[in-house]
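My questions will all concern the structure given below.
Going by the order they are written in, the chains are A, B, C, D and E; count residues from 1 in each one.
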Amino acid sequence: MDRADSTAAARLFSARFCAEGVSVSRGGARIVSNISITLEPGDVVILRGPNGSGKTTLLRAFAGLLRIDDGAIRVESAHGSSVSAPVDEPSASLIYCGPQNAAKAALTVDENLRFWAALYDAPEGALETARTAFRLEGYADRLAGALSTGLFRRLGLSRLVLARRPIWFVDEPTASLDASSSETFARYVEDHRAAGGVAVIATHDAFDIAGARKLRLAEEQAA
Amino acid sequence: MPSLYEFANPVLFERWARPAIPWLAGATALMIFAGLYYALFNSPADYQQGDSVRIMYVHVPAAWMALFCYSVIAISSAVGFIWKHPLADVAAKEAAPIGAGFTFLALFTGSLWGKPMWGAWWAWDARLTSVLILFFLYLGYMAIWRAFDDKARAARLAAILAIVGFVNIPIIKFSVDWWNSLHQPASVFRAGGPSIHPSMLPPLFLMAGAYMSFFGAALLQSMRNELSARRQARLERTDVKAASTLVEQ
Amino acid sequence: MRGLRAIIARDVTLAFRAGGGSLPAVAFFAVITVLFALAAGPDLTLMSKIAAPIIWTGALFATQISLDQIYRADREDGSLDVIVTTSGELALTAAAKAAAHWLSTGLPLILATPVLAILLNLESEAYLPLLLSLLIGTPGLSLIGSFAAALTVALPRANLLISIIVSPLYIPILIFGAGAAAAGAAGAPQYAANLSLLGAATLFTAVIAPIASAAALRSNMD
Amino acid sequence: MRGLRAIIARDVTLAFRAGGGSLPAVAFFAVITVLFALAAGPDLTLMSKIAAPIIWTGALFATQISLDQIYRADREDGSLDVIVTTSGELALTAAAKAAAHWLSTGLPLILATPVLAILLNLESEAYLPLLLSLLIGTPGLSLIGSFAAALTVALPRANLLISIIVSPLYIPILIFGAGAAAAGAAGAPQYAANLSLLGAATLFTAVIAPIASAAALRSNMD
Amino acid sequence: MDRADSTAAARLFSARFCAEGVSVSRGGARIVSNISITLEPGDVVILRGPNGSGKTTLLRAFAGLLRIDDGAIRVESAHGSSVSAPVDEPSASLIYCGPQNAAKAALTVDENLRFWAALYDAPEGALETARTAFRLEGYADRLAGALSTGLFRRLGLSRLVLARRPIWFVDEPTASLDASSSETFARYVEDHRAAGGVAVIATHDAFDIAGARKLRLAEEQAA
């Protein structure tokens, strides 16, 4: 999406994300506990923390992809009305982009994009926009399985473009991207926040967004 | 009056289950003894089958229990799934091995009986196969419980399977009527009353009663074991790893 | 609707592409049938007696062998997240996945049946009942199978568990299906009854299985 | 040696763990047999006639269904790189992979045969020839199969191709194996001849298949 | 391996790696062409380049895991005698650590380690060393499939410890590692070079090793 485009979309995005006292367990062990956070339109959070601290766990729980033990998760329109609570019924205003890329190796780049476009009910031109946003034009007919690691990651990230959802949870987006692609992604996040979008980005990289809140997941000091 | 939920809460459960177990065990012993006495010495040999008919007193109640235990599992699963009641999940989980045992007993004794009656240990008719399949259903149910470390998830998934699998019970029950079969149709629990010789009924019902109270005793005991194992596991887990929290940087 | 159609189209494409996931099951079954005929030797009447049961078993087989892939592949590459979070009604999505599975296993099997039936020396009056029973019954198999797949999606490799779970649930369809095929071939009066029971079983499954699959998928999110 | 033993141990562990890769093939086959017998109905003499061919077909089936996994899983998670780069002689490694496959499909099938044979009403004098023919023949199936797996390891999902490649190669073993089982049951004089031809076929395979697999693996590196 | 240990191993490692005019194709297209490089004992190369420029391709070719179109690859003992040419017969002195981790999700961490130890014929204590080198002690009995992305990567990298080979080709080692784990890895590479080892490390991260040569693959190889 070029910049003018997405800024024009500012009126679309006005969702607030709100988690209160969220605790999540995995394999019977408590991984994160009592997490509260409120994200107003335009808020971007960069989430850090050592390996195994629960970043992925938390993002998946926020996106309604993991059952929470305690607490509440709400997505509200900025006017205060509750749009939906993601647990059990993942909300149509959220998107989670995990470390896997949700693309099929046996389909071409374009076939993958078209499949997502249908699922996210993206409009006509979105495919083109997604292709250019992450510079995949040259690979339209390439099998996704024959892409390099970073190109495959770019394909995965292009879901963000197709989905056009206000609330993003993105997990290690830049893990195998080259410098210029990371840059592209960062600009794309800035456009998203300018349009009133919300994003939580888990990363280990030097990746940064001006004005983003920095949060850290760390093991509780043993009480 | 306590609500159903309170009645089934783990502490209360412990309070009434513990004293109930010896009574049930005693009843089991008595009825087994009486039933076997009747079955072996005080009931007629069949005019066709001779003494091998006596396998019936072990076989038939076992087959009934196979169906009954599965129904218990399905019902407690539904309760556990809908009302999220942990005791119901535990009851369903612990009823499964017992039910599988009865199913195996029915298969085994039926097979033993089949050799003199039909000339083969096994035949491919619907009743026999569907009991075999019921055995698979039990195995699948227990395998789901074993496959997941996370007990809450295992409970939900096992419950879904048990409820869906319940549709098979009527099919097993009525397969003899619907499908070509060597096995005989129901002669006790059937429309129009029992059609077997009245003198065969007392030992049959005594054995059925014995199986029933055995089921009760075994179920309560293994539920108690499971509950205390879970308490233990919970106690041990707290000191494993601290959960993470968010801090602003 | 657009999403559901896309899911079906994609799954069928994947099945047929590059040796795919579920189409091979039919080829597989055909090969096994030929090899079985080879191993059983040249007794044609024997063959013709077991032709219909063999093909019905083949339907079970072709369905079962590919179940594992219905959800697991999507889960491993992250697509399942996308599918779950974009589906308006998860049960409908589950139904679409089952439909795609039928299109790439049940349907090819039905199309292959006339050829296999010739190889197995099926009597000519048995063709129609067999095909009809397959047509009515196999969608039920895919529906039940995709439920088992949803139930076990989180387990690393669950083929064993799936086959244990699925076999009891297949029984009604198998009994009525093979029964209809046999009765139809013999001109027996139970033919119609068996067919309508088969239809009822499949319809019932079509209602229950997607709901149960959706519940299982939700419980399996992690 | 240490590496080869580790490969065998790991593959067998994986097969048996969590519903594993190839063990289920046997369970799968058992379930299919049960369902087939149910579909075929209660004719016991019919059953006893086809018991041995069914079990031999089951051996092909159990072998074939799990071939796909022999190398593909290792390739996808990167283990194949490690295995290839650490193996002194790649043909020996290929033989170890085939051995592991046999231990987790052929052997369990042989162990399951007595039970399945009871269910299928096999005549008592047919047990020994059947078991003997399986014991001699199934290693050949695993060896041939692992060659086909090596040949197709680079293709995304190659089940179809594998079954096409493998079935003609299986024919000799199937003919001598099923032939030996039948002749032995009937007390026919061809029994010994069939068994020794079967043994020769398996031995020949044991020499050729690992070398061919190694060559195929090398050509498939990328 | 703690530092004293590996420095003591210095006498072991004295292999030289030499590639001359190497060209590699994939899917019919030439990806890298005419690459020559010689690595003396103690040389570390950090290989950078945009996504799709052929870093992975090159490393795999060097490690003998990809057929080369042209050129020659030699591993020599420092005394000049050719030890082996990796194509067709991957050398026992090389190890390639790719973006996948070569670990089985259905095996525990320790089972995976033990398997590798057998393949690389590692001595008794090596398992313990590998566990501590990448701080996996707490996870010995955890199924590898239940590790977080970064922990799984650490498991994958621990192969380097078990294999104790002089020549390393490591592909995006730090892609999902937290800062302290990247640090651990860097120290580990330094020990390796101190012991006379050779390493080529492809990365997009800020990752650096003092005194390492920096090489860059420039072209993005479009379809």
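One rule holds for everything that comes next: contacts are C-beta pairs under 8 Å (C-beta built on N, C-alpha and C of every residue); 3 or more make two chains touch, one makes a residue touch a chain.
Model, not experiment: these values are computed from the prediction.
The chains that touch subunit C as well as subunit E are A, D. Residues touching across the subunit C-subunit D interface largely coincide between the two copies, over half of the numbers being common to both. The greatest number of inter-chain C-beta pairs in contact is found between C-D.
Centroid analysis (C-alpha atoms only) places E farthest from subunit B.
Note on chain placement: the centre of subunit A and the centre of subunit C lie 37 Å apart, centres being C-alpha means.
Rounded to a whole number, the gap between the C-alpha centres of subunit A and subunit E is 31 angstrom.
With centres set at the average Cα position, the gap from subunit B to subunit E is 57 Å. Subunit C and subunit D, compared by their mean Cα positions, are separated by 25 Å. With touch defined as above, residues shared between interfaces to two or more other chains in subunit D number as follows: 17-20, 31, 34, 38, 40-41, 156-157. Contact of a single residue of subunit A with at least two other chains is seen at positions 26-27, 49, 99, 105-106. Residue positions of subunit B with contacts to 2 or more other chains are 126, 129, 133, 136, 147, 241. The part of subunit E that touches subunit C in the complex is made up of residues 105-106, 145. Residues 17-21, 23-25, 27-28, 31-32, 34-36, 38-41, 43, 46, 49-50, 52-54, 56-57, 60-61, 64-65, 152, 155-161, 163-164, 167, 170-171, 174-175, 178, 182 of subunit D touch subunit C in their complex. Those residues of subunit E that touch subunit D in the complex are listed here as 26, 60, 63-67, 88, 90, 92, 94-96, 98, 100-107, 111, 114-116, 118-121, 156, 159. Chain contact summary for the complex, subunit E toward subunit A: residues 26-27, 49-52, 56, 99, 146-151, 153-154, 172, 174-182, 204-206, 222-223. Touching subunit B in their complex are the following residues of subunit A: 23, 25-37, 48-49, 53-54, 213-222.
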